[in-house]
Amino acid sequence: MSEKIFNIDDLQNINVEGEKYIILQIGPSHPGSGHMRIKVWLDGDIIVKVDPDIGFVHRTSEWLSERREWIKAVPIVERIMLPDTVHANLAYILTVEKLLGIEPPPRAQYLRSLVAEINRITSHLYGIGIFGIFLGSSTVYMWAFGDREPFIDLMEMLTGARITTSYIIPGGVRWDLPNGFKERAETVLQYMERRLKDYEDIWVKNPVVQARTINVGILKKEDAISLGVVGPNLRASGVYYDTRKHQPYAAYPNLDFEIPTMKNGDSYDRLLIRVEEIKQSIRMIRQILKDLPEGKIVADQIYNQLNPVMKKNYEEKKRVMFPAFMIHMRPPPGEATAKVEAGRGEIFFYIKSTGDKYPYRFRWVTPSFRNLPFFTHVAVGHRLADLPTIYGSIDYFPPEADR
Amino acid sequence: MNIKDELLKISTNVVIDEKKAHYKILIEDPAKLLDAASTLKNLGFDHVVSVTGVDYPDKVEVIWHVSSYSVEDLKGINLALTFSVKKPEPVNHNEAQGNLAGKRPPVTVPSLVKIWPSAIFNEREAFEMFGIIFEGHPDLRYLMLPEDFYETWPMRKDFTYQRAKVFIE
Amino acid sequence: MNEVRKPRDPVTGHIKALAKGFKYLLEPNRMTLDYPAETMKLPPNYRGFFTVDDKKCIGCSMCEMVCPPEAITMVPRIIGEGGKTLPAPEGEKETKGPKRTKRPVVNWGKCIFCYFCVDVCPVDAFIPTQVHDVAFEKDKDYRPSYEEYLKPPEEPYKNAKKVVSKADLKRGVSYEPAP
Amino acid sequence: MNFIPIPLIIWLIEDLLYLIIFPGLVTILVLVIIIIWLERKIAAKVQMRFGPLWVSKKIGGALQSLADLLRYSFQEAIIPEKADKLAFILAPGLMFAFATIALIFIPVGPYYSALFPSYYTILFSVALIIITPIFAIIVGWASDNKFSFIGALREGFLLISYEVPFLLSVVSMIVIFRTYNYISAVQSQLNFLPGIILNPLAALTMLIVMIRTTGRFPFDITEADSELVLGLFTEYSALFFGVGMATPYVELYNFSLIFSLLFLGGWWPLNVNVMNPLYGLFLPGLIVVIKAFIVMAILVFLRAVYPRYRLDQAVRSGWSYVLLLSVLSVILSIVEVRFLR
């Protein structure tokens, strides 16, 4: 088992020659692989070595974004991280805002946090559902994907689209809260709180799930730190780190919330921490809807550039239209980095501007890419049937890792 | 601990913008890179967030963005450890060199995987995208590109691609 | 967090899981929309197919410039005198009468419905609709001409029951007939 | 009409009736189609959705399985180049055949008895049921596919670990009823108490073994799709695949018949002593099949609740808890026979 501390030299030392091992190519068209290939060396039923081969859905998002106007990168980054669209959008816009020097008004900050937390719940439900089908429980899969629906409906009500919202723009957000949103959100949150108890009975505390996940895929705290694992997987190993606390953005400095951490770092902890984070997100959404400040939803720098037709629209329909600045945006030369805690972990952006109409260097790292060491390190020593457990528990999403 | 002083001990060329959480160390000498990385790791920067290159007409800049999970004061800092390397002169295509040959020869920098194991996949990506050979990396293969990708280093600025001309309805 | 992690003993766990499954088997809880038989009436800001108001459009090409997938093309149009098409005079500047201008046409095969174009329009000339579930039979159909573009795709399943979704404490989402 | 000897006609066509129509092939086919549909519907109901619907919308999509069967029948059968072709083609058929043949020793009424009336029907039927998984192993080996091969290995492990408890649970009922014959076993239940009350441990063991042998959740290990694609049947297509997928349901039917005969009192509450076409032949059989159907429905409901165990966990529990349970059930039977009766 993975009791030993990770050592980089192990990668070379594993002897994989000879007929002793069965080499399984799991993927890229396999029910348990996603859009990737996992090459597994098996000694009987025990995994000796795992080589994740990613890149099957590499969509050259960095290349494309470096050859487009700044605003056009928003849909690109969203489509890479489909379950976490708002976070990808937010991370990119935060970086651009740092370059531009724009600070959005408080109401926009709260709305950003609101839609980000709704998105986090859908992302965790997505992860729990995929974990369910990997262990063979179609019920949890269907339940989790069904329960995404009320939250996606909320996103649809607020932003006009279900998944690819493109809601956050430099300087603010595109739409204000519609009428009846608060009541609907409260109903949905109460529904979800009730459902979490049912999930506990049929999934989290199910003896079969406990047998399958407890002490499977242990990632120790030291390993989690040295391998640079992110998000709920990091916190399940006992590291107290969350970008929302340590590099606060949007409305998070004003919100009261906890960062759940676990001790053991096994698959069961990684499952539990997602459930706990859903509870925290519910708590945060309530706070946001209660404390939502009045005011503009877009920074004055943007608002002042709106023409009279757009201003009329802003007053009547609570809708921010784009001034021509959005197309011809040329952030001053410089570099900026930003981190955002998405549902699966931390998104990192590094953008270099030369004052041109395209970004000079557009670099971003997605959480799933940084969770790749789970395959090479954690899966070794387990049984073949534990590979889907580990895969599902880290909530790995291949298109996101490939970018 | 004043982070600025500590960083200045490593290199004189330090850019700090606390408001944007933008910290940058520039290192010129390849011999000092490993020392600088070890010092940073001892300071508490325990993992690599991203390894990337930036392609300039005459040089390639390699950036290790590092951050900390273990030291409370450093958790809010994104530090860019930057190392510039001059591009070698373009050489003609040489079959014997296989994949790595072509008009855009690769550059060589020391690998920091031994210090930060979290850089392992990141360095593989920087290798295939920018043609940065990380010396000492245990497993330097293409990560996302297919094994037989013939046009090397797609993220360099002079990379062009052929639009598909056939349109099938 | 250890109280969360505490495992349940197997006998209780099995009984509780089976009981919960049986409860869900018996109680009415279906949250699916019987889609082609019932269709949703979507919120007014839903981003569906959209068309352009020929009268309002000033042909400024902003929408073409902002379009992320480059789905919008500006087609030349001659307006004035009832939109009658006239041959363009060579190298001559027009002062009155028919005027040459441009109009956007969206390639629905490329459009991603981000509505950047709708928002960037300085005269708010785009007319959004909530139609989203349209299938095109031919490749040509999703590359309309300007005249075809002025009539955006119509909603399929016209006879379907119209419902609106509503948050429900029991089922998450329930559907009630649209007003 | 007095001169037509009805028992004689029945005696003449009985064998045919038994094997082809009821409870033989036709009933199996109908029941398998219904149980697959019911399985999907039950799962869908727990999962808050419709389930199969659009094939025959008015009756809730009940014809969905029939449509699937038709589709499999007319699909192109692909045989891999490197497969052991004879074994590849024969093994699913033999698997299905042996699962069906076990029926000839299972009576569904006091006079509507097995094809080969014998004093040892329990032993014969159990022996034939145990043969079936061996062909599953041949299926996995013949495909020349790593996933099928691993599936076959898993099947082998599980087969061995759950055979002993199964036999012991049957033995404990034999000890109680002091007979190797289903009809006598049912008669003694009709006279006293159903087997499930006499020996609940044996009933529980039998249920677990049924879940395991027919690959229901949480023991759906040989076909674990997140690891092994489709397990044994990864390379199969067309009717071979359909037959292979239907075989576990046939086995489930056999097991459920045995369960209802040994534990649920057979044709209880009907106690018939007359050789009558309706009361003597058809009605007892119907009662037994309905009981078996209820048992099947309960077992397919488990899909909606459980994920699957890991191979080593299943094997370990097979050799420990379930074996212990079965040994205890034998002891319980001996004690009951010694002291109660």
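Here the chain labels run A, B, C and D in written order, and each chain numbers its own residues starting at 1.
Just so we're on the same page, contacts are C-beta pairs under 8 Å (C-beta built on N, C-alpha and C of every residue); 3 or more make two chains touch, one makes a residue touch a chain.
Remember, it's a predicted structure, so these values are computed and weren't measured experimentally.
Student: Going by average Cα coordinates, which chain is farthest removed from chain A?
Tutor: Following the centroid criterion, the farthest chain would be D.
Student: Between A-C and C-D, name the chain pair that shares the greater number of C-beta pairs in contact.
Tutor: Answer to which pair has more contacts is A-C.
Student: State, to the nearest whole Å, the distance from the C-alpha centre of chain A to the C-alpha centre of chain C.
Tutor: So the centre of chain A lies 25 Å away from the centre of chain C.
Student: Averaging only over C-alpha atoms, locate the centres of chain C and chain D and give their separation in whole Å.
Tutor: 51
Student: If you average the Cα atoms of chain B and of chain C to get two centres, how far apart are those centres in Å?
Tutor: Spacing between the chain centres: roughly 42 Å.
Student: When the C-alpha atoms of chain A and chain D are each averaged to a single point, how far apart are the two points in Å?
Tutor: Here chain A and chain D have centroids separated by 46 Å.
Student: Can you list every residue of chain C that touches 2 or more other chains, as numbers and ranges?
Tutor: As it turns out, chain C has residues touching two or more other chains at 17, 20-21, 24, 31, 172.
Student: For chain D, jot down the residues that touch at least 2 other chains.
Tutor: In chain D, the residues touching two or more other chains are 46-49, 304-306.
Student: At least two partner chains per residue is the criterion; list those residues in chain B.
Tutor: Within chain B, no residue contacts more than one other chain.
Student: Show me the residue ranges of chain D that touch chain A in the complex, using the header's touch definition.
Tutor: Contacts found on chain D: 43, 46-49, 146-147, 150, 217-218, 220-221, 224-227, 229, 303-313.
Student: Considering only the defined contacts, which chain C positions touch chain A in the complex?
Tutor: Those in contact with chain A are residues 1-2, 4-5, 7-8, 10, 13-14, 16-17, 19-21, 24, 31, 42-43, 45-47, 62, 65-66, 68-69, 112-116, 119-124, 165-170, 172-173.
Student: Which of the residues in chain D come into contact with chain C in the complex?
Tutor: 42, 45-50, 53, 301, 304-306
Student: Give every residue of chain B touching chain A within the complex, in rising order.
Tutor: 20-22, 24, 46-50, 52, 54-55, 63, 65, 69-70, 75-76, 78, 80, 113-114, 116-122, 129, 138-139, 142-146, 154-155, 159
Student: Taking the complex as given, what residues does chain A use to touch chain C?
Tutor: 68-69, 71-72, 74-76, 79, 139, 146-147, 149-150, 153, 156-157, 159-161, 164, 166, 174-175, 178, 184-185, 187-188, 190-191, 194-195, 198, 201-202, 205-207, 210, 214, 260-264, 268-269, 272, 276, 307, 309-310, 313, 319-322, 324, 326-327
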